[in-house]
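First, the structure itself, so that you have it in front of you.
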């Protein structure tokens, strides 16, 4: 049995897709049956349309990549009026990643998503390293993190997941602060701030100089943070960062994550999510485990 | 168009000069319909330093044989690894990706240079299957850097322009006499300066014109927004909204 | 010309070996001519003998590894009375990495090394994640970092390099604090705190649960931090984290590092340091650059 | 002993049952002297998931042929990759590493199981070159899991113990009649429970005895201190102070 619960959210399995790496799901519909997923977390959505950062936005790194997309998206109104209707009827949890530059923007966006019947949860992204204002700023300071979560909590009445940045001295302090401020769950990690240099051109690869590191390279840091946070908070933890196989997902689950997200690995293999789901079931079968919840947090 | 992921077998590999090679890849399944100008995302095996797939245009397609050909220029670690694959090896492809050329016009001109030739062969063939013989104008610094030449002759009239005069006219493609003739559609794929020069010419002369762009990619399917190009209407994904763009939406780009 | 200067230290080239990955140099003497190196930073040395952590101490990760050695070493007295005499006459800079659990221990050890004529510098390790007391604790707090550096500065009179941990929200704050406290140079990064799970055994791979991540996986984070710190401080920065080729070293130099260290890559290729040195010279030749200082901090 | 780093060519690969294979690797240079019980650190090519080298014992050496043989058990990704290498491939080795067995005694017993057989063949040969025929006692769950058998007969007297009785005596090596005979030196390499049982027997009976340990390694040369084992005198590196340890320094380990 692969079912897990994140607050009021029932997932048919603990495998979600990570925001910004899976579009709105539609991009992968040719490769997999989206209804098999535990959930889809769509691209970061902001109060209004955003063009994002200039190209180049991507650099390949050892077992990973840097991105500097900068929250390009059509804005919440376009999501509500158009994208929502195309994906709302999927038989999986469609969750909106809510991003912004100010508390007002977070709240406005969250309020609009709150009205969408078939969106059971939002993931509040207080951790994007690729925007100048707000973004990661909120996620690196417990007081600011608590403030934005507290305000959003007042107007958002379904499952509120808060996504944390790893670029901090103590992720536990931030996690506890957002738990106290009313988060129903935390997801971690967002990307790590990194940089790559094109030594032939003698300049940074990315237009923004620094960007967000993701992929298998960050997995050990992500597992460590999930383990630390899961021990420190009572709300369920969603783990991500570098997951590319069922074994990777199991590392997070055993470290204390109730569910996981898959991001960058979708680029390498657009069917990876299904392989991970099947691999988890295989593991349970092989080890004679009835319920995946038995191994969650076993460490 | 439905996208696929599948293993192909390397059935042939041929070097074209020092810098180019052509891989012929066979599928065990019948191929879906592929448009000229579309591309594949190929997984690079064995090389520990390559993390992402690499986008490569579809150079030619043989539906009977279930083969796709790729014309690849060796520019870095991934393409070098592909150049060393033995026949019989498996390669995993995500395909067909992108929009492809529109095949408009009764008197089309195809302009290409370097690895930019890659998508033009299948394009020329598709025109000729429609009963139209396109004019093909291929350029490069020297003859050596035009990896595929005679193959185009089956489908259209072919001209060459080389900067050192080692093949065809001496000079740039835009200086070639054939370039000045009248066309109702231009397709370009090549180095950015070549594409911009041709695009400006088309815009000035009101000729419908398509360019095929090559930004670095992560997902190849429009999900990550890493590969954007600035169009006159904002950022668009090269992998999904492109790689082919009409220059009438790229005026700023053409002038920059 | 590959010569660079770190405060009073003249290096024949900017390539040093990272502490804990190159033993005392002797372990690599069969493979390379140690005298060709810009410098050798020996294993972390503490006030007294330390047994380190229990086995297992190592886990392989994507493009990297976790270690939990925990500063196993013979203690400063053994270093002074025995190891020192075996390596002091190398024609390169032999630098001692000084570690500890208290300010007193750091000072005692530094004072003893200060008396060793042929050791021109120490690297103060306020960033080891693998010891329970002290270690990384000092390096994650600007006040504590400044305090330990200030005290060591009083009794250590040669070149004082301070090694920083990446496990912080703002590495710039720490770097500025230790600069103000009298450091002659900073080196970064030490390992990132990570974790790996053996999913078949359902337990952590490392005896200490968490350990320090190193290798190419961390390079983008390290380059970013070096770039941030180099812009913020006036003292020279020594960059490290994942360097395995001349191109990697050039990324750090262009981002602002005056010298670099090579750690984990020595395990993959014990001759890598020489390849990097030769590769840097090749780059200069290829690009018609006379002096490597011309490209340092070019970004 | 000077350590080297060099490329070897895979000149032969033979499977021994499902789980084991022997690689014969040839150097272009004359081999340095290699002690029985020493090991190599082999770079695993092609596999993107393998980062570090893998330590493998030297199974046999042919100085004339300049070849080293490795007996490898497929247990994970690195060993699986090695098992698929074609002959003709290059493999990079750091070698010879570690201390090796001492070859003491006039009446030695060599005990091995599984991949632990690997270093014993060259050890037996070295004894026989000294004019001593060691007793060799090989154990495993079934005959299939004793990958090398007859090869030992050239150098000494060979006995087998299998838990299912499919070869030699039924039972553990310590239950084999030959185990109880009198020896003045015991060498063991195999699964930890086997090594500890033999070590305890040797300690109890005052027989000089060496074990070869297998901890995970990063550097292989004593630099990183990742591979330590707890000895009665504190942590020692398996790669440099070992892999061979005298059980008189490992009493705590043997009892644990």
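When the chains are written out, they are named A, B, C and D in that same order, and each has its own residue count from 1.
Convention: contacts are C-beta pairs under 8 Å (C-beta built on N, C-alpha and C of every residue); 3 or more make two chains touch, one makes a residue touch a chain.
Keep in mind that this is a model prediction, so the values were computed, not measured.
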**Q.** Intersection of contact partners for chain C and chain D
**A.** none
(Q) Following contacts chain by chain, what is the lowest number of steps it takes to reach chain D starting at chain B? (A) 1
Q. Using CA atom averages as chain centres, what separation in Å is found between chain A and chain D?
A. 47
Q. So how far apart, in whole Å, are chain A and chain C when each is placed at the average of its C-alpha atoms?
A. 34
**Q.** Distance from the mean Cα position of chain B to that of chain A, given in whole angstrom
**A.** 36
Q: At least two other chains touched by the same residue of chain D: list those residues.
A: 48
Q: For chain A, jot down the residues that touch at least 2 other chains.
A: 61-64, 215
Q) Linking chains that touch, what shape results: line, ring, star, complete or other? A) ring
Q. Name the touching chain pairs, would you?
A. A-B, A-C, B-D, C-D
Q.
Looking at the complex, which residues from chain D come into contact with chain C?
A. 2-5, 43, 49-53, 94, 215-230, 234-235, 240
Q | Residues of chain C defined as touching chain A within the complex | A | 59, 61-64, 66, 140, 167-169, 192-197, 199, 202-204, 209-210, 213, 215-221, 223-224, 227, 242, 247, 250-251, 254-255, 283, 295, 298-299
Q | Residue ranges of chain A in contact with chain B within the complex | A | 20-23, 27-28, 30-31, 43, 51-52, 54-58, 60-65, 67, 69, 72, 215, 264, 266-271
Q. Mind pulling up the chain B residues that touch chain D in the complex?
A. 45-48
